[in-house]
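Here's a structure for you.
Going by the order they are written in, the chains are A, B, C and D; count residues from 1 in each one.
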């Protein structure tokens, strides 16, 4: 044994504890045997950002898992409370940085409720189109990331990015930015779509099912994938509802709850689409929910592009600057690709929101992470986390 | 020059050089001249393969792959090598320095040992032993030690997990690997690799009729051997020991710089060696695949077949997700082992039946039957199936 | 598919009928959203919450959002007419009377029903003051989704939830002392002054 | 049967492997420094200040009203208003002298390209540029752009965002026409006809 090894305990004692670790439970099992405690993250290839899990293992089985957040915390809510209503929109882009369009919509919806602003019909259709495009690209890349976590050397991820790129190109030509779109405004959208843009959406939409078929033949029947995903990370419908899980994760457990259907916000009640439901609530169901939802999104897009009316894109009463809603509060929520994205606003009659709160689907979907992972191996933890679909910008805000 | 002369050109050169040297050192020169080319050729092959793999994977994923350094990116390994050399060599504070240092060296050394018994061309084998196969598997088993050394010496939990996985996996898959080659040994009646190649020589018309891969037991044996080989060389979908998305990089998490590169070298050398053995055992070794192609030198054929198998490795890597530890073990003991046993059984029938279509069918039946049964059991036992979903309006 | 909205008054009546002694107050919301809320008292909050979740007609089984609000001490000024003796004659004089409203912290829960597809019903709980050591009953036992969100309220507002299974800081680090979402929080001029920041090498 | 799905997957990757050699649809990579994509017209990176005439300093449209400074979400704009007024070189303020920014700095290391400054500007004075290769070795000074660095001629705006620039020019022309019409209307009792017509023409386009 080298001298370095001998005084390791001393060396370890000198290193101050990392942030956020106050874990009083000692890593021992019922028999008092020492367990293996590992810290997955914040620098880990598959925690999707700077997320950390304190995992206690017995052999390779998880007996305890505590998520640690806050590495990307920037107090988005405080920033928004100190700025005008308008100034928060570009910050919402950076919450779930894959889906800036839906984030914009969620916030715009809450402000419209708070201030009683209407939205012209054409703007509502444009919102539906961009939101469904966002859903397509988010779900496609999520499946890519999930497969990456299963060790697929990036092939599905690259296919997903190939398609995502086309959608981002559309976003760029519409809003000027690929990811941080900053596109929606209270009472409408910022710029109008051209006929050419809509034609491109129609074209992309026509080609998208081919990509989904490709995905399906590459993945859906793969025995290894089925072995890795089926029966792993099972979430019961009761626990899913109680724990506030939302989006594809809730529906994979068989709970029929889609905010697009339930609230019918925007013009969603004009489109015919179905809500896929899973029966097992495992990783495979969560994966398949995304695939099936993409197929439904394609249908919605088809109808929206076909039916979009002509007209203004901004409510004439809406003002860009100096919005001062009456004192009061409003909670607006939408079905973002990750789940139920809510914005809670309290106005005190001034130009800044008194209270600005984001209900982050990514964070709340993680509530049951430990329940899903207990008794499974490290390999499953990674896959289960991947199937939850989190973006750390939204988890930590 | 005749084709014969071209085929034997390296052998001739070596003999000539040995004869030029003084008689006292002639054995040493002979050994050196046999070993040195291997030490040069296979690492170069490693360099080329890394580029080809990255380009191939890239094309499968609809991108270019490396194409910036040199023509078509083929100087990429040079750049990578320089980068690995000039990187800081970090040894963790808590590591067992000696073990940590020795592990990559030992890995590469044992990988090179395996090449001693692989005939890369007609009359081109370093050590033509009677028990070549035994030697090969013994050397292969030593790799596990070095991998465990790396995992243990790093004093890192991820390394430890990776090393544990690696040892468990490699020991489990050694059984089907050896058993599937036993079928070949039974038919060939020899453990010597050169003899095995010679037994597969000869053509039926233009077809290489005697290759063992064209028998039912050989075909199944070849597939099983390749699956086990993938697991032995820690390649996807059996790359659990390094399982990058789960345990960072497994046993070589704590390695950097050139030691890290050595691990890569070791992994690829192991892959070449085991593919070389597969070529030798099932694909007729250095023999040409069609009778009219015999004018091409034997060593070209060997490397062509080797690279074909490597391409298969790359293809699989680009397609399949990784297994989980328990699935890996189940697969090894509940599927691979019974299958290899039935392959041996089938080879036994083959040995004693008169040749003809009947023999072919009779030998194929038990294999197909067991495959069907085991496949059903594996999938049905855990109810793996494509699902149908319900929709709410 | 969308259910009829239920009014705050209906819910208030239902709670008061089912949970004896529970004081529920309806807080009207002047904004066009029309989302009125109910203020529950501490003692019966958990019981009332359980009722809201389990009642067959309400079935508010889904707690969508839980968050804190900080209300600073404020002055309510109202104009009152008082009779005063001015120059010997009694006249009515308008006078601005100021009443001090002490600040408090608030926890707001947005409840929906997955089964009945209605909502939101908004439930609030208020603390008496906004000092360091303020307590509210935890509703994590009723809705598991409040677990992280109550931790966040504790982290950012400093409300201690009694009965929470794992009340630690969520986003800020454990050594951090202040509650950054409070309205009177003053961030340090330099990031290095943050408690515990130097430990991470920051 | 066991293995069907795996073989299906292998066929799919093989199809993509060969497809990437034949189909441009599959191999969508653009090899950046050699090939470049055409930026869409809407592309935005960092703001610039528009000036008319040839003199960047005198022709700046900005009147230092500080609306953008206030509305900027990350507060990366800092403006100092001048003490004196400069003559209306750009000709959009109906010849009245205007204040001008003595200092107009944008810290582009803070700027998040949200375009809100452009939207709130009532004078069409700040617009978004689409130049994106902006790396510099000067970490602080190189990313703090002063008004000289920010000033760009209107022709530049017309070149990078033709549609928006046309709208902006039309709006300015309309404003100008209105401003000209007003004194004319005040001077002559008869309502000035040509000016509104001109304004109407400008809105139509």
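Everything below uses one rule, namely that contacts are C-beta pairs under 8 Å (C-beta built on N, C-alpha and C of every residue); 3 or more make two chains touch, one makes a residue touch a chain.
None of the values given here were measured: they were computed from a predicted structure.
When chain centres are defined as mean Cα coordinates, B lies farthest from chain D. Located most centrally within the structure is A, per distance between chain CA means and the overall CA mean. Annotation: A-D is the more contact-rich of the chain pairs B-D and A-D, by number of C-beta pairs in contact.
Mean C-alpha position of chain B lies 59 Å from that of chain D. Between chain A and chain D, the centres computed from C-alpha atoms are 32 Å apart.
One simple way to say how far apart two chains are is to compare their mean CA positions; for chain B and chain C this gives 65 Å.
Between chain A and chain B the centroid-to-centroid distance comes to 42 Å (mean Cα coordinates, whole Å). Multi-chain contact residues of chain A (touching two or more other chains): 155, 159, 162, 218, 220-226, 261. Touching of two or more other chains is recorded for residues 60-63, 318-320, 379 of chain B. Residues 16-22, 69-70, 73, 75, 77-78, 113-116, 239, 241-246, 255, 257, 261-264, 325-333, 340, 342, 344, 346-347, 354-355, 357, 359, 363-364, 366-368, 396-397 of chain A touch chain C in their complex. Listed in rising order, the residues of chain B touching chain D in the complex are 56, 59-64, 67, 315-316, 318-320, 371-372, 374-376, 378-379. The residues of chain C lying in touch with chain A in their complex are 1-2, 29-33, 35, 37, 61-65, 67, 69, 108, 110, 114, 117, 120, 122, 143-149, 156, 168-175, 180-181, 196, 199-200.
Listed in rising order, the residues of chain B touching chain A in the complex are 57, 60-63, 93-98, 155, 157-158, 161, 236-237, 239-240, 243-248, 317-327, 379, 382-387, 389-393. Considering their complex, residues 2-6, 8-9, 11-13, 16, 26, 28, 40-44, 67, 71-73, 112-116, 119-120, 128 of chain D touch chain A.
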